[in-house]
Structures are given as structure tokens and as C-alpha cells.
Amino acid sequence: MPTESKILEENLLYIDALSLALRDEMREDPTVMLMGQDIAGHGGAFKITRDFLEEFGDRRVRNTPIAESGTVGIATGAAILGQRPVIEMQFADFITCGFNQLVNVAAKMYWRTECSVPLVIRMPGGGGMGAGAFHSQNIESWFLHSPGLKVVAPAFSDDAYRLLRSAIKDPNPVIYFEHKFLYRRERSDLQEMQIPDRIEGEANVRREGHHLTSISWGWMTHRALEAAEVMEKEGIEIEVIDLPVLSPLDLSGIFKSIEKTEHAAIIHEATRTAGFGAELAARISDEAIWNLDGPIRRMTYPDSPSPFHKGLEAARIPSVDVICDGWREVLA
Amino acid sequence: MLRELHAYMRLTREWDLRYEKMFKTGALSKWYSSVGNEATTVACGSAIEKGDALVSLHRDVGAILRHYVNIEELFPDIFPEKMSLVRQPLGGDSRDRLFRLACQMLGREHGFSRGHERSYHYNHMEPDHGLIHLGMISHLGSMIPVAAGAALSFQQQGLDRVSINFIGEGATSTGDFHEGLNIAAVWKLPFILVIENNHWAFSTPTSQQYACDNLASRALGYGIPGVEVDGNDPLAVLEVMQTAVKRARAGEGPTLVEAHLGRHRGHSEGDDSLNQVPSDELKGYLDNDPMDLIEARLLSSGVVSRAWLQEIKERSANLIMEVVDEAMAMPEPTPNTDRNTYAD
Amino acid sequence: MPTESKILEENLLYIDALSLALRDEMREDPTVMLMGQDIAGHGGAFKITRDFLEEFGDRRVRNTPIAESGTVGIATGAAILGQRPVIEMQFADFITCGFNQLVNVAAKMYWRTECSVPLVIRMPGGGGMGAGAFHSQNIESWFLHSPGLKVVAPAFSDDAYRLLRSAIKDPNPVIYFEHKFLYRRERSDLQEMQIPDRIEGEANVRREGHHLTSISWGWMTHRALEAAEVMEKEGIEIEVIDLPVLSPLDLSGIFKSIEKTEHAAIIHEATRTAGFGAELAARISDEAIWNLDGPIRRMTYPDSPSPFHKGLEAARIPSVDVICDGWREVLA
Amino acid sequence: MLRELHAYMRLTREWDLRYEKMFKTGALSKWYSSVGNEATTVACGSAIEKGDALVSLHRDVGAILRHYVNIEELFPDIFPEKMSLVRQPLGGDSRDRLFRLACQMLGREHGFSRGHERSYHYNHMEPDHGLIHLGMISHLGSMIPVAAGAALSFQQQGLDRVSINFIGEGATSTGDFHEGLNIAAVWKLPFILVIENNHWAFSTPTSQQYACDNLASRALGYGIPGVEVDGNDPLAVLEVMQTAVKRARAGEGPTLVEAHLGRHRGHSEGDDSLNQVPSDELKGYLDNDPMDLIEARLLSSGVVSRAWLQEIKERSANLIMEVVDEAMAMPEPTPNTDRNTYAD
């Protein structure tokens, strides 16, 4: 029984969903503060915080020096003592410079001390634009292997809005992957909704089907949906499941889907070995193996850096063709 | 004032001596001694107040004890008349804090980290008493930005509180020293970083750690005051710290303090790293034991008697023996008392 | 037809194998140099380079300041221009402070520039000694998800010796995990051997069996061998496969074993989610699923930091009991 | 000497102008301009020799061209008589290097990275000519330790070679600046770090980047010389660099140079980051264009005529147009030309 819900924004661009979520949280909670390179006067490399300086002032919207480790550390200290900092990495790739602060200080703080660290790190990530080895990476797996961090990677504007607000409210450090390729390409309606104050596991069926369960997140969910259209013409119905939240992980929906489809495949843009697809395959091959009637295949980036040349890059990112071929093999 | 500083230094010294002994008998698997750091750490603890943030490393129990504990309350008969206190005590139960600190050292369930974390790797907060204490993680340098972040939270809230943090001279080589101090300077955070320069990092002498004449000179590169001070002289350290605290509370930003100390012990008890220290250098440190220096000063100024010094020493040792014994008798954590990875 | 080979060292301690390998390489190749905290006069936190300063001098055995990022970066530059630096992390955990240099500079250098980086980072890792959250971690998965790095984690003294020498000769950056718990507990004979000048994938059957294929590395291989003894008494024969080399990964032996046993389980000391066990399970569930007659189970550390308290820690590390139970469930 | 410096600065300027134009027509997706940095970078390139290591960032094509190319060979009719050269050219084929550099910029297969990497993110080695050039990775600060490592390799081999590296003033805030420079100082590595201080990092002014009076003052904290210099004056920069190089070759260790430059362009072409620069500040930079300054100097000293300046400008522009056109006609990489992740 679908309830009627008000549409707040029609056709909201993914990038605008991020701005809106930040603005709404900052208006609601005076302890929310933003830190990042060039986010103040300039509004950030992607202009997501344009005009925030004017509205919220230079105490709450802070340009940082070029110092990712220092920034994450300072935000962690401030978070322990009552602030809710949201850091913008200029590109997700740069978090490697603040890796220690994140995985050792922020991630372990609650378990070690019972002091919570309500911190969000916004990570503009992903490829598809020929931006080369240091502006294209998909590095979620490092953080998924770092207990204490929550990790989200929304594919749709409405999820992006809701999850960013929930991430800010959550008492744990949340790594928020936003996909640059989707910034100005993905649009969806924003409906009136409840904003949970915790990030919980979710797996959303974005297309129903009974032949194969496809699992993906971020940009790759859009590729999966495209590929499912192609397969439909062959009479094959793919169930496309999107994982906007990677940690905590809720696989119950996926297991249910596999009961029906008996086939599973995972798509990710991250490099292959020890990518998060491996964890999903491992969980399925342990907990749902008796329901499977085919191998669990992963369609991923190969184990290499990202080329600057768009042709070389495109040859690496799972394409609709590669995805369809993978599915066909699983079903063969 | 000297008497007050002395009493905390003595308590700190006896604390370490007790654990050093336990290490030797095998009751403890590891111990990092703070013997020789007491003048600096106690003076630093004396410069902060309720609501300030203390962020400590592995040789800073002097600052912790000075901040946690009210010595007049512990030994009411020794300090019968009110001393002219350098600072107000926090309030709350001093002896219980001492006991829980012992539990923490011994990995007991009543320790601040409930056995999850080792020694000084814990946080302890008592909002009612304005006690804000963040302990270390092992990775050196990491706490500098975090401590600056505590200062940021004060700035955001419009409070005139300060955050102080310590660092060994070895750990000044870390990137976080630079990143943390630079951001703190740019944002004029109420933050004080105290370098405890004992001239050795594990087995590495300063000549293999840095090539500058002194580390206080790095302050120039951050546009903040940098002060060298004799870390064996608690009054000198206190004065420097009070200036720095005043500056921080006034919104004028951070100060870098370099306190020169002696290396009295091995890096950790039972290792042979002290072998690397040339014997005449070591002798110089031992001859300038801050405990001896302050007692000589107290005696020569005629404020106290040798017997009084002896008494407070014994009382400190006994009190610590007591809380350690009590802690030893406490239960160890069990998987049932284990803790979640995530806050919920 | 086993050839007779000379025993060079009988009952060689794991830790002594490391010293010996370093010394032999330094004697053989004057471009090999050591860097690390306290490795010179003091011989390192574990005394592995004791007396090296005397033999090789302070140019080739360098104490570094406490600066992991700077050290990895300097070693990378020197490696590009002809040196073969071997860095000792005082504890594996501290590499997080040099993470960016490792995964972005050293790992990607060859692919980006065709300049090779013959660099070894020695990583004393692992738990079992109540050393707490920052001196016990098993972080191989981060590096296995970083294309360009090779990763080894020997369980036996002879492998430790051989692989350290090969790692130094290899033209790629090699992350060498040495397990602190094994330092003074593991002994094996060192036989005369060829030292390959490349790290290649290996999977070694350390115990034969036909009921289940067990995969592990480092300390956990010893646990697996102990557990296999227990199972033998129940009439169950476990094939224990040790992976001294995690990247490059050679799974052919494992697939062959699974053909025989039809059951597989993985044991690792690293935390569970996105640990390397996931990659192994994923590979098996894709490429060998038709040979399986049971779920693929992982026995791992839970997703939490390492407790200081030995009891709490022991409850987390896969024990012989936990391993046996896991195997029994897979076989049920 | 001034004529020589000028010629390379002109080549550098025309290089940038060409790509800026291509960016505007959409032929290029991104461009970081080095307009305004030429005096500093060309002077730095003039201070090194065969066998030295050049480690460059995103605005250092002046140093690259100065190091790669022999201007007398490129324009034999303009430079008919031998100039009194500041340094010997490397030898090898200058024009081919220029062509390959253009291929690199355009992601062509003949580029130094064969299309794998963008713009100045490449290494180029010509062992026969003693050419050692390490390009940047994006992560700012990261190349400082790497460049110091190149210097370490010289020290290990007993060579009197030096390694020079550049850094923007913004990236001096990174931990690697500190760690790299400190180790280099302690080990007395033959390393020179040149800060190109254009007073802006993307949109961030120095007041939000550091609080010290000048960055050269940080040298004190490393125990090395730190020199501020007018980065628009190539002779001044050259002199500072020659002193630093001599010092490094003599085994006396690193030098930190801070060259003050103007911000002439946006952070990258087509962004609006120049809006953040106050207009009078911007005017000050444009009025002190190092290209104008050196030409005025050449004219006033009577060494060259306005026509000569015009001719070398046109010849430079034409040459660059030529190599860029040739590069544009070259094949793009295909998956077949792709490269392995591991060396074997």
C-alpha cells in the first residue's frame, strides 16, 4: 500500500543532492562544520559548497591547508569533543595521505575508549573521465577492511541526499563515496522522507528479475541497469540490486534474491583483487552456496592503475558488453 | 608552590618505581618509565585547569596525576593548612581515579579502557568535573592533530579553554607534527605542544633525528612562539606554560615548548637501549635528577625538613602500593565484557 | 625422486632466517641497503640486524628518523636510481604513516613510468602476545588491493629465508610480512637451494589429506597443522595448503586439491571483512564451484581492533577448536 | 647569460601559450599553466648538469625545457656564435625530446608515458646523456622524499651529483615536506628544494596556508640554509641555485629556496579560481611578468634589439606549433600497447 509522499525536488542532480544535504544538516545542527581544501570562497573543486561561506561563516566552513592527515586528525579531535565535522577530500585518492589518522585514530577510537567520533569524510571518487591514476581510484575496500568505519557509496540522488544526512547524524566515522561521473549525469526525484540518524545496511532491488542476481554500487549500478535492458531483449531477466551502504552490510535481501534466481554476479569499478566483490562472493559462497546453480562471477577493473588515456581507461571499466558477457557465462 | 610541585613529582616517581619493580618480578609485561620527566610533566599539569584538555603520551603520568588528583585530599595530615595552590583541583574522587588508573595499567576490567587497551592508551572523561583526557595511540605524532582538534572544539564553542599535548623529540620528525602544528597556527587554536626532549628516541640520538640547533626554532616556521626551557626545573617550565596558556586563552594561538630532560631509563624497561647512551652523557642526566634537584632546593630554602621529604615519599609509595594491590585483586575482563566496534 | 640436498642450517629459528637472508644479500650485492628506526647500533627492536652496522657501515645500515612516509619515499627514489633498499618497519602497523608513498608512489611507479622500484618493506606483524591495537595487526589485505605490490607472508624459516632473498632481488616493491609470534617459536632446517630472483606465486601442500582443503598463511598455517592432527583422530584428513606468497597468487595447486577434497576453508588472522580470505573464496566460488560439495568457510579474526588483554585477544584469533569446528561444519 | 636564460624562458612561455590556446578550443581537457614561473624554473634548470636529477611538478616545464633542450641547436641561425653558456647541454636530440614531450602532453603513444599518464606525470631517463628526470604524482609533497632518495642514491654511489625538486607554497603544508626535508638534512643529502611561492594554492591564499613570515624560515628548523629570492629575476635565482648546488656537491647537504612569484593564471585553465585573487594583487603580478622584465633588461642593456626579441618569439612559437602538430598526428595508444602492472 504505497503512501503518497510529497516530492521535494524533481529531477535532482546528484551533485545538488550533496549540496542540499550539507546545507540542510548545517541549518539543523550548529555543531556541523565543514573542512576541506578550497571549500570556502571557491566552493570546492566541484562547487558543492558554493555560497556556504556566506551563509555559515568562516568558522563553520573552513579552508584547510594542504594537509590531509592533519585535517582528519583535527576533525577527529573536534568530533570527540562535540563537533560534527564533514571533511571534503578534494579527490578521494588523497585520503591516502590521511590514512593513518583514519584507520588507526578515528576508526578505532570508539572501541578503544567508548568516545564516539561523528565524522564524515566525503570522497569524490571513481573514473570514466580520463583523469589518470590519481584522480580516478575506487578505494572503498581499504576502508571496508578497517573495522570501525562505516562506508556508503550511493548511486542515486535520493540515496545520496538521505545517506549524507544520516552519515552526519551517525556517531561513527563514515566514509562517503560520491561518484564524480554521476555528479552531473544522475538525476532522481527527492521525496519527502524520514532521515534516520544512523547508517544501516541496505540492499535495494532497483530492477526485478528471476534469472540472475546482480550486485553493484555507485556508477556500476547504472551500468547494470543498462545491461539488464540488453538482456531483457534476450529474454533474460536480471535482478539488479544496488548497495548504497557497504558497511554495515545487510545481505538478507541478496540471499533472498539468490534463492529465487540461483545465480549471482558482482560488478565493481574498483580493482579486482581483494576488492569488495570478493567479500560479497565469499559471503554468498558460504551462506547461500546450496541455492546457487552457477559460479559467482565478478566483473571488475583489472589490477592496474587508471590510465590517463580515455580509450585505455574505457577498456578497463566494466562495460555493458562485458557485464552482459559475464552474466551469460554465469547462466550458461 | 615548590612544595606542591614536589609532592606531585614524588607521587609520580613512586608510581613509576612501583611498576618498574613489578616489571622486574614479571607481574607486568612492559613498562615505559617516566623517571626523569616529572618536573616537566607535573609543571604542565599544573598549568591547566578544569575544562582544559590534556592529551598525553607514554611518559606523561606526571601530568595525569597532577590533573586527576588532589594531593591535599590524599594526604590531609601532611598538608593540613591550605597551600597557596598553583591551580584549583578538579574535584571528584582523587583516590578512586588513582585506583582506576592502576586498574588500567594492569589491564583490569575497572581500568579506564576495561582491559581493551594498554597502559596510557585510554581516554577518560568526567564531564561533571571538567576532566577531558585523551590518551595516546601508539603511532607517534598522531595525537598532535587530535589534540589540536580538541582546541578547535573549544574555539568553535567560544570557550577560553586550552589543549596541551606532549611529544618526544624523536616524534617531531613525523609528518603529523608538521601538519598539526601548522594548521593549529593558521587557525590560532588554543593549543600548546610540549616537546619532552630527552635526547634519545629508543636507541636513536638527536644527531640522527634532526640537524637543527634546537627544536624550538621550528616555531618560527609556523609563526608561533617557540621556547626552550630546562625541563628539570619545574618552576621554569611552569612559567613558560603559564605564558603559553594565557596566550592561548586570549585567542592568540599555539606555543611550541621544548623542555630539555635527561634520559634516565631504557626506552622500555628490560631492553638494552640504554647501552647506546654514552656513559658520561648518562651520568650527566642522573646527576641532574629533577627529583633530587627539587628536594635540594626545598631543603636549602628551609621550607621543609628531610624527615618531611621522607614521610611524603613513604606515604606516596604506600598509597600506590595500596591501589596497585587493590587493582591486582580486581577481575580481569572476559569475552562477556567485550565491547562493540561501533557506537550505536 | 628426491635429490639429496645439503642442510645449511639445522633447526633455524625464523628470526635468524631473516638475519641470515639479509646478511647474505648484503654480502652479495653492494646496492642492498637497510633503513629503519633503531636498526643500526641497537640492531632493531627485534635485534634482527644486530652487528650489521659493524659489518656494513653506517651508509648501508641507516637509522632513520621517525618518519615512515619520508623513509618509504626516500627508499623509492633511491631504488629507482639503482639502490636496493630494505626498510624495516618497527612494527607492521606503522606503515599506515607511509601508506601513500607505498600505494601511490612505489606501487604505481612501474606501470606509470617503466622505472622499476626494487624495494622491500619488512613488516613485523601479527598478534598473539597481548600487544594491543597498534602492535598486532594483520593488514596484508590493504596491500593485496594495491596493484603493483607483491606480498609475501612466510610461515616457515626456510621459506622466510628464501623469500626474503628473492624479495630483495625482485624488481618490484615487495611487502614482506614476518610474524612476530613465529620469530622465536618456528624452526626448520635450511637446505641448500636456488634463490629465484623473482617472487612467484606458490601454494605448498604442508600436509596431505582428501577430505578438505585448508588454506592459510603465516602463523595460521601452524594452527591449521595442529588442528589437522586433531581431525586425524576423528578420521578426517585435512589437506593443509600454505600460501607463503599472496601476490602474485597461484591457485592452480589449490584448485587441484579441491578437485580431490571437494571442500575448502580458509583461515586468517586478519580481520574478516574484505580480508584476503574473501578473495580466495571468491576465486574458488567462481573457478572451482562445480567441484565443491559444501560451503566455503572462513575462520578469521572478527571485525574489531586487537585487545591488550590476552584473554580477550585469544578469544578472537582462530583457535584449534574454532578451526576444527569450522571444518566440521563445512563437512557436515 | 641573460640572453640564454631569456631564450629558454621564451620557449617555455610559448609552450604554455600554445596549450592554453588548445585548451580553449577544446583540443585539451585540462591545462596547468606555468606562465609566471619561467624565471625561476629556467634558472633552476640552468643550475644543474648532466647526471643530476630533476624532479618536477606541474608548473616546471621551464626547468624541463632548459634541461632537455639545446637552444643553440634548435635555432642555429639565431645563436650563430657560441654564447658563454651557463651550463653544458646534455647532448642528444633536442628537437626529438620536444616532440616527445608534446606527445606526452597529448596522451599519444610516443609520449614518455605512452598515454598511460597525464601531462607532466612521467619519468624520462636517458642514461647515455645523463638525463634523469622524475615527474610528479598528483599527491602534493610526495615527490620531496622521492627526490631526496635520488640524492641518496648519488651519495651511496659517491657521485657529486645533486637532485632538485620543486614545491608550491601550498604543498609545504604536507607531512612529506617535513619528513623529506628533515631526513635529507640529517643525512646531508645533495638535495635542493625550491618553493615556487605564487601566494595561492588553487583558491587558498597564504594567510590560510601558513602563519610564518616566510617559508625560507623553516630551514632553520632543519638546520639547513634557507634563502628567499625574487622568483621573477632569473639571475638572482640562478645565483642562489649555484650556491646551493655547490654546497650539495661538496657534501654539505640540502638547501631550501623560496622563490616569490606571481599568480598569473587560474589554478588550471578554465576554472574560476583567479576570482579569489584580489584585483590589485593580480595587477601587481601581471605588471611584474618575468618575461617582460627580462626583455626590458635585455633591451636596456643594448644586447639585443626589439626585432631580435620578436624573431625568437616567433621562431619559438612556430617550432612549438610544429611539434604539437606532429604530435597531434601521431597514433593514440590502444589496449594493445598497454603495459604490465609489474616489472618482470
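Going in written order, the chains are labelled A, B, C and D, and every chain counts its residues from 1.
Operating definition for what follows: a contact is a pair of C-beta atoms (placed from the backbone, for glycine too) under 8 Å apart; a residue touches a chain by one contact, two chains touch by 3 or more.
Quick caveat: nothing in here was measured; it's all calculated off a predicted structure.
Asker: Looking at B-C and C-D, which one has the bigger number of contacting C-beta pairs?
Answerer: C-D
Asker: Quick check for the class: compute each chain's Cα centroid; which one is farthest from the centroid of chain D?
Answerer: B
Asker: Measuring centre to centre with CA averages, how many angstrom lie between chain B and chain C?
Answerer: So the centre of chain B lies 38 Å away from the centre of chain C.
Asker: Could you give the separation in Å between the centres of chain A and chain B, each centre being the mean of its C-alpha atoms?
Answerer: Each chain reduced to its C-alpha mean, chain A and chain B end up 42 Å apart.
Asker: Indicate the whole-number Å distance between the mean C-alpha point of chain A and the mean C-alpha point of chain C.
Answerer: Each chain's C-alpha centroid was found; their separation is 31 Å.
Asker: Which parts of chain D, given as residue numbers and ranges, touch two or more other chains?
Answerer: If we look for residues of chain D contacting two or more partner chains, we find 113, 116-117, 121, 137, 139, 173-176, 178-179, 182-183, 186, 208-210, 341.
Asker: Please list all residues of chain C that touch 2 or more other chains.
Answerer: Residues 65, 67, 69-70, 93, 96-97, 100, 104, 108, 111-112, 133-134, 147-148, 303-305 of chain C touch two or more partner chains.
Asker: Which residues of chain D touch chain C in their complex?
Answerer: Within the complex, chain D touches chain C at residues 53, 112-113, 116-117, 121-123, 125, 132, 134-135, 137, 139, 142, 144-157, 163, 175-176, 178-180, 182-184, 186-187, 339-344.
Asker: Using the touch rule from the top, collect the residues of chain B that touch chain D in their complex.
Answerer: It comes out as residues 173-179, 182-183, 185-186, 188, 207-213, 215, 217-218, 220-224, 253.
Asker: Mind pulling up the chain B residues that touch chain C in the complex?
Answerer: Touching chain C: residues 29, 107, 113, 115-118, 121, 137-141, 170-171, 173-176, 201-204, 208-210, 272-273, 276, 332-335, 338, 341 of chain B.
Asker: Quick one: in the complex, what on chain C touches chain B?
Answerer: For this pair, the touching residues of chain C are 37-38, 40-42, 45, 63, 65-67, 69-70, 91, 93-94, 96-97, 130-135, 303-305, 307-309, 311-312, 315.
Asker: Considering only the defined contacts, which chain C positions touch chain A in the complex?
Answerer: 93, 96-97, 99-100, 103-104, 108, 111-112, 133-134, 141-142, 144-145, 147-148, 247, 249, 270-271, 273-279, 281-282, 284-287, 289-290, 292, 294-298, 303-305
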